[in-house]
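Shared chain: subunit A. Partners: subunit B in the first complex, subunit C in the second.
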Partner chain A sequence: MLGSFRLSMTWLHTWFGLVLGFVLMVVFFFGSLSVFDREIDRWATPSSRFEPQPMPSYDAMLAPLFAQLTPEADELAAAQARLGRPLEASLPVKNYGAYTTHRDPVLELYAEFAVDNPEDPDDHVHGHVTIDPRSGEVLPHELKLGSEFFYPMHLGLHLDWHFIGYYLVGFAALVMLVALVSGVVVHRKLWRELFTFRPGKNLQRSSLDLHNLTGVLALPFHFMFPLTGLIIFAGLHFPVTDTMYEPLARAYEQGEVRAKGLPVAPAGIPAELASVDAMVAVAKQRWRARGMPGQVGYLTVTHVGDANSYVSIFRAGSDRVTLVGQGVHFSGVSGELLHEEPPAPAAASVKDFLVGLHLQHFEHWLLRWLYVLGGLSGCVCIGTGLVFFVNKRKHQHARRGVSGARWVDALAVTAITGMLVATLAILVANRLLPAELEQRGEWEKRSFWLTWALSLSHACWRSAPVRRAELSPAWREQCWAIAGLGSAAVLLNWLTTGDHLLDTLAAGYWPVAGFDLVLLATAGIAAATARKLGKRARDPSARLASHAPAALDDAEPEAAHG
Partner chain B sequence: MVEQLLLGSSLGLSLCGMAWLALAMDVHWRQLHPEQPLRPATARRLRWSGASALLVSLACCLTAEHPSMAALVWVMAATLAALLVTFTLAYRPRWLAFLAR
Partner chain C sequence: MSVLATLERAKRPSPTRVQLVARVAGALLGSYAFGWGFIALGVAGGSRLMPFGEAQTLAELLVFLVLVACLCWAFAVRSVALVWGVLAGAGALMTLAGWLLSGKAV
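Right, the complex of A and B next:
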């Protein structure tokens, strides 16, 4: 096909990279934001701006809060539609759970309520609240911008219908792996140009330099993250445990639960829960005895209020990459220890390591920032790939009167600057919308999608110059929008909460100070880029910023890449 | 505190290591010494220094923390260092002159 191996790899890299590149751009960008999702939550929810808290006392604080939980209205409506009949006025509670990390000041509680569905004995609906663990006060439902909007965007693009977004992201991850392998094959001078970037050369050359540079230097990151992401969702992409291996999988699950000595089903006899605080103390002592002292990250009560109830306590991941909870399980009624999970066998530990590498529950700020660097270098790699695609073809398309390059350029503007504009717009909306607005979170989301749609229309409307092989002014204009919105977000944070940078920096409150600084840096870079693009638009013949020294300028002829 | 120092040294060593590896390449050596060709012996010395600096950087990471974490930090620090070296070579190559002797 296509003459030679290298040419067929070029075809694969170019076209699959182009089509899925837009999805990958979104996944890499929102993945980078998700590294600091909890910190973004702090910025967007000013009432939660305090230090992370350990899991509070179950007996004194959590037990009465759990008892007050009720099912969410939208889940009840969905269950009614599923069953085709009205539900009972009060549903029996099945399980409780509380989850926190070393970065969470607020604590998330949830309950599962049983729904009587003959077709699915496990059918249930959820109720949840967020509390302030210092006082036990229930906080109002607010959209957690980082963990409830940016993070799901990374996982499934908010296309929830039949998990289509998750499948799309999974396919894009696979294509990323393919693009890396084919990219290495296509790259003619991988070693010779390992440290090469020539900003003074034409756009086609310098964008290809950046594409190769970020692709090759961050190759370990670019390879491991799509791979481990696919491993995390292996069950979704290969649902063998729900299809061909279902009986085997169910038998294995039951056997596993029996081996642990944990009751599979409730006994049907009501019983009181023993002191959970005492169980937490035993669990912590067990972790210390295994040389991994730690805090509680996740606590569940299964078969609530039943003689067969049991309590599971998991350790918060913080000091290693591997995702392990060292679960300790107790009888809910007697409080005696039922089972302590042994270290995982070899295959499972490899999986735990790979999953932990991606989910990063560890406490390591340097590594977190390095992950952001990896993610953003992925964005640069994909973005420059799109720019290179357009610039390689625009002269030819202009001569032949074809408009392909024009539309790809408009989509690239939307995917690169437009995505940033939309992200900043939701932050600005978060600070501007009145607190008492009905369904405030929905309005925040709408502002995001609407802005993104506007940026698409703007990019298409302004794209005509690409037909003459010139630069679309949409790039420059959206850069100005980024600069404006980025500074506005910082300013609005100050005006609406009083927390300005001097304050947060002096107090060392990094979740807000750090995010404000990132916003300002983004605005600054965007403004500088816009000015540079403006200069180029006014004087297209001028070579910009010829910093590149002679030794690099008289380099090889243009690569035949892409 | 000791950990921070070790991680800081690891970053610094990664930077020097990547810079030496880059300068062992003719095209980047000539950016700093246009008149003076890169002798094979110098190239060899630079390559060895680069590789050793990266190894010592790994050792620093391993001393500072759990091996699994250390491996990730080292790989990502090397990525950061290589990117920084590339951008320095593109915009301010003279900053690396002290490493190219």
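Right, the complex of A and C next:
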């Protein structure tokens, strides 16, 4: 496009990276948090601070709890709107499911209730409940901050309307891959980037060093995560088999189900469910016989209460990367084994491995932390890219009197420090809002979005100095906000639950101790950064360094960047 | 390196705004069409060699790497018309070929 391959790739890297960089920042950051989503749930829901539990007895504990499940009010309202008529007073139940991992103390149960919709025979609404599997006690509905707010943010930005957030995240992931490939073309001396970081040089130089260093150092990680994330949602982005090949795909799926000997539809004859505990015992025996003993991760009952009901038992993937369920299926009425899933064929095994690599169900705490470090290094790479964009242009923009750099800088403040401020604000709100507050979870979410909006306004309001090619004070001020809110969250955890760090550390309760430590470290780093920025703003010689004209670097090949 | 250097010497005037919009649109829509065609043809062709589900999985594993190549190529190539022609054109052709293949398969 621009006469040379390298210049064209630079253009692609710069402009696509800039526009989607803000989304990527969010996806990488909340993805990093999602690695410990269950642990964040423990911090935010003090009643669930106990050790992870195995799947409890279905016959003794889960069966009566499933029977009490009712559809969620908001899903009923949505179904009524969808159908344009009121629903029957009680909807027939279709399926039950229970899901747990080696990190879950509490257990979530769900039921699917059939909705009579002639246009969609599979139409249904959900009911769900969280229980304490030690006692069978039903826990109050609370927002699970890690797994129900941070994790969906990573997947779809909470923009649920027509899956628009999922498409945006998918496009951003593709741009990340393109940015990596074009970035490698832009920076030819990959090996040298690994050992180059000059923090003492001007901001433009050191931000580019850090951008290259993190980009190259974690290149395989940065490539695999967007790619595997896209592969997980391939069917959403390219619904080829759901549209033009729909009849073919439907026929194939039904053939698969028939080959397994599983009933596709209910018989319409009521029937009692046999002992599920006995089926679990058989499933565990089958897994042992295949040399992969394990615990139950996911258990479903399909066509509940019908003569065609069947029970599917899937293995928790705690001991391997590949996400295989090794499903074993039983007749719900007779309890006899209907089908044991064989090892997946070639392409499906590759996919199982890649999906497992992304979703990390395995039990390995060191690897888990490396995932967080990889994700955060992605944030550093994207963040320094944004900072570099501004600092490369601000002198030129200041001379020409245009304000492009100013607004990009304000958005970068919002996407970097503002995102942290909002994340800490929801944690503080989680500890401060009264337990009996109606729709407490909604208020927590509002505190997040409101704080983020405030940080955007603040970043715009304080951005005027960028027009004079100076540093926006918003960076420093939001760093102070991070330091304050981070410390406040730790303090509030102590005041509202009594679990202070000395206690949780002594007890070795890492979900809470670890998160408190991360919060304190975040607060400490933010305070140190704010002080340094303050010093730079006051000290004229430091200011000079950050004002070094862009031309200084033109002799170096990387300066072609952006 | 020398090839790059030669290319770099042959600098051309920056594209106009219209050219830029046409290229970005061609790159995005064309790549999507190409990806769609890749899966359509991959599933229809592949399912003659392997089960339908395997063909679909294989196409879905590869398509995003294909898209990365499409997008990079769309910005490297000289002519905007070529971007539209090759990406959207091949996408449409592959979709059609897949459709015909699958029709015979039924």
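FYI, the second predicted complex is superposed on the first by the 544 of 562 C-alpha atoms of A that agree within 3 Å, B and C clash if a C-alpha of one lies under 4 Å from a C-alpha of the other, contacts with A are read in each partner's own complex, and residues count from 1 in each chain.
Basically, a residue touches a chain if its C-beta (ideal position, glycine included) is under 8 Å from a C-beta of that chain, and two chains touch if they have at least 3 such contacts.
What you see is a predicted model; the values in this text were computed from it and never measured.
With the two structures aligned on subunit A, subunit B fits next to subunit C without clashing. Using CA centres, the angle subtended at subunit A by subunit B and subunit C is 80 degrees, rounded to a multiple of 10.
When the shared chain is aligned, subunit B comes close enough to touch A:Tyr371, but subunit C does not. Once the two complexes are laid over each other on the shared chain, residue contacts for A:Arg192 go to subunit B alone; subunit C is not touched. In the superposition on chain A, A:Val178 contacts subunit C only, with no contact to subunit B.
Of the two partner chains, neither subunit B nor subunit C is touched by A:Arg446.
Legend: residue contacts after superposition of the two complexes on their common chain; A:Pro220 is shown touching subunit B, with no touch to subunit C. In the superposition on chain A, A:Ala347 makes contact with subunit C only, not with subunit B. Superposition on chain A places subunit B within reach of subunit C only down to 18 Å, the least C-alpha distance between them. Touching subunit A in their complex are the following residues of subunit B: 7, 18, 21-22, 25, 27-28, 30-31, 34, 65-66, 68-69, 72-73, 75-77, 79-80, 82-83, 85-87, 89-91, 93. Taken together, the subunit C residues at the contact with subunit A in this complex read 1, 4, 7-8, 10-12, 14-15, 23, 35-36, 39-40, 43-44, 47, 50-58, 60-61, 63-65, 67-68, 71-72, 75-78, 95, 98-99, 102, 105-106.
Contact residues of subunit A toward subunit C in the complex are 1-9, 11-12, 174, 177-178, 181-182, 188, 227, 230-231, 234-235, 238, 240-241, 244-245, 247-249, 252, 256, 345-348, 350-351, 354.
Put simply, subunit A touches subunit B in their complex at residues 192, 194-199, 213-214, 217-218, 220-221, 319-322, 353, 357, 362, 364, 366-367, 370-371, 373-374, 377, 547-552, 555.
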